Amino acid sequence: MRYRAPPAEALLTAGLDAFTAVFHRPSGITHLLASPAPEILTVLADEPLDLDALLARLADRFDLADADRAALAARLDELMVAGLVEAA
Amino acid sequence: MRHVFSVRIGPIGFRVGSDWREPIDQLRELYRYYPSPNLPDFTVRLEATRPWRRLVRPSIRIAGDYTLPEAAPLPLAQGLLAAEMAMNLQLALGGRRHLLLHASCVERDGRALLMTGESGAGKSTLATLLAAKGWRFMGDEFALIDPETGLVHAFPRLISLKNAGIAAAMAAQPDARFGPLLAGTPKGDIRHMVPDGLAVGAMDEPARPVLLLFPRYGHAAETLPVRGSEAFVRLTQASTNYVAMGEAGFATLTRLVRTVPAQAIDYPDGAAAVAQVEALWRTL
Amino acid sequence: MNDATPTDGQDEAQAGDDSVSTRRRVLMLGAVTAGAVVSIRPALAQTAGSVMNCQIPVPDLGRAGRFIDPAGNVVAPGTKGAFPPAARPFKGEEVKRALAGGQLPGTTYDSNRAYVSYIRRLQRGQGGFTCFASLQMPRA
Amino acid sequence: MADALTLARALADPQSLTLDTDWIGLITTARAEQLLGTLAYRLDGLPLPEDVALLLADARTAAENGRRAALWEAEMARRALAPLGCAVVLLKGTAFVAGGLSAGRGRSIGDLDILVPRDALDAVEAALLAAGWEWVKPDPYDDAYYRRWMHELPPLIHRERDRMIDVHHTILPLTARIRPDAPALLVDAQPLGNGLSLLSPDDMAVHAAAHLFADGDLAGGLRNLWDIHCLIGEHGDDGLAARARHHGLAREMARALRLSRRLFGTPPPVEAPGWSDRLYLRRLLARDDWGRPIRPLTRLVFYIRSHWLRMPPAMLARHLWTKWRRG
């Protein structure tokens, strides 16, 4: 399964200390995101990716302290429940 | 309706209709120095729960543009309270031109201090104490943030004093005008106080928010900074229309918490709180 | 009404991230304990409760006339061991006292327990829920 | 006594409003009939007093936020139901805005209403429960009642978004004497291209008429009649009468056309309103300039009628008896 995030223009973001406040235009819902959720959305905004490709892409851009596939899947589940990520 | 009264409080206009004369007479007296609206934003109805309850054991149903199905009826003797609750409810549920924060607000030199917290935290008491010290009282229920400018607009409705607060306020401000004592309401004894002349006279002048306080009564004096993310979440919960305002609400609130410092203050009594606030104000 | 405000645990996981600008940022995928997404929900109940004087009918109007069993379920009128509907809706303050261990007016020890169980089980969309939720808000 | 006729005229012919209009009365009536957003779009661009223009601009913003929330709820239902592969047809307000129809302009939208095939009902229910929707009433009696007698699942609410969904398998309760052809509704539904569909234009109008006159007590009826006016204004009435007859709803559709013609000037010339139409008009307009419901006797007649439509006589007697005992 591949994951799709909304295009950048669908989100308004505001950094608030350690968090990112996100207004999701299609839903009108505000979310407060903690890392790594904003980073996942940024990477997926370019193109839909499956779990392994996403993990690789994140590893390209960041020093992953725990390149944990299950942890990433759990984060994606949270984003899907919130409607910020959907199955492509 | 039989008896009608219109009033503008800050930028918000109300039209109140009533099956009885008494609440309207009381409103007219207490809001004597307030202007009339060109076009009321909201309509409030104080109506009999049943046709015969207009005369027999009169019981007021609070109605209007917006209602809560669970609102309890009130006896006619508490008609003024019913009108005030109903006006607050219209704004809380129907207001869309401003981001509404459940907060009290005072102003000095064109700069506004916002205080928000649960009822009992003392935001209303603090606002009246500061007003007695020369600050301009802008409101003790809602602060109205303008999405275009980020300025806060005053909403200086009648101040609702409760229980022990009644005697304290009457002692502190013997010249103020008071409504009738409403004994035994669901919120205890209540008496309304008319905001002072400065508050009413300058109510059309907005102010720039410069400090956000989360006061807490009954603890040793302490002042702690509140981070933007925490202030943001707490204010979304202190707003009646944050979600309904959509994108404008998000832009307004993120701008507020990113530009205005927030502090939590615990205070043991009013005098200490005023000292804490004025100390914070000097650091700005 | 959101019940999951960000936790301090999350913050610690984040601390220092912003200060690192020259090096590549470190990302932890599994560090968040309370979740990485908190969605903001309308706060109507809390604020409505503070500007309004609310009441809770037992049971709600959609099920008026039906009985309340000792566990707080709504059951058919006349069910053995269940209690008839409350004669009048309870006021917010009365419910608050009952939730704190007091007794609802006009109730017996047993019917009070049944009614309080019913009120505790109220859900969104049911009559009285907004009032109940406003009473549940933590007091600072 | 003032009634909602001023509002109906303002919607039908905004140019007819004069500057000395009782604006607050008009606005209050429109709010109470859930038509303020609609009115705000109808009056957009006309010369208006400044305060009126500002208030109506707020109402348009509010309607736009409501439109977005309604479409998002449909999208979330689509995501939850996509794996089932069954038809999911949007109904009422959400359908109007999803189709970009004039009936959706400024319309207030509450619950999400969808139509699915009856044999997919169990799977739809399970998929929604798995995706975060919950029963509003965890009450076995009500549940049994719904499943036996209603045209929809008991209402579900989403635990995060607090929005209700009504899942229908036909457009009238099974207790009603009229049985619309539900499979035909699904067969002729028009796909939106994203996995969701809309009823055909004729079926949309027939559904609106059924909802207005064959179900319920006409509460909010003025808005529903405005929907019908807009739908017919946009798609015409070719074949409409025949389609309504096919669903057993010819009388309801004809009445809708007569009343909509009378109140809003809907184009197709139809026969003149009869004496019973006058009673319906009295009910549809039973709202004064303070937003109060008026004409209690007329309202009572339609309240009793709504139960008559839904229930067999013995069941009705039992129901009214229970209601009466409750006071």
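By letter and in written order, the chains are A, B, C and D; residue numbering begins at 1 in each of them.
In the analysis below, contacts are C-beta pairs under 8 Å (C-beta built on N, C-alpha and C of every residue); 3 or more make two chains touch, one makes a residue touch a chain.
Source: prediction; values computed, not measured.
Pairs B-D and C-D differ in how many C-beta pairs touch across them, and the larger number is found at B-D. In terms of their C-alpha centroids, the spacing between chain B and chain D amounts to 37 Å.
Between the CA-based centres of chain A and chain C the separation comes to 31 Å, rounded to the whole angstrom. Centre-to-centre separation of chain B and chain C, using mean CA positions: 25 Å. Within chain D, the positions touching two or more other chains are listed as 65, 68, 160. Multi-chain contact residues of chain C (touching two or more other chains): 6, 38-42. Shared contact sites, meaning residues of chain A that touch two or more other chains, fall at 17-19, 25, 28-30, 32, 81-82. The touch graph of these protein chains is complete, with an edge between every pair of chains.
Across the complex, chain D is touched by residues 1, 15, 17, 37-41, 43, 45, 47, 63-65, 96-97, 244-246, 248 of chain B. Chain A makes touch with chain D in their complex at residues 25-29, 81-83, 86-87. Remark: chain B residues 62, 68-72, 74, 85, 88-89, 92-93, 102, 117-121, 141, 185-187, 214, 216, 229-230, 233-234, 236-240, 242-244 touch chain C in the complex.
The touching residues of chain C, when paired with chain B in their complex, are 1-2, 5-6, 38, 40-44, 46-48, 50-56, 89, 91-93, 127-128, 130-131, 137-140. Residues of chain A that touch chain C in their complex: 17-19, 29-37, 39, 58, 61-68, 70-72, 74-75, 78-79, 81-82, 84.
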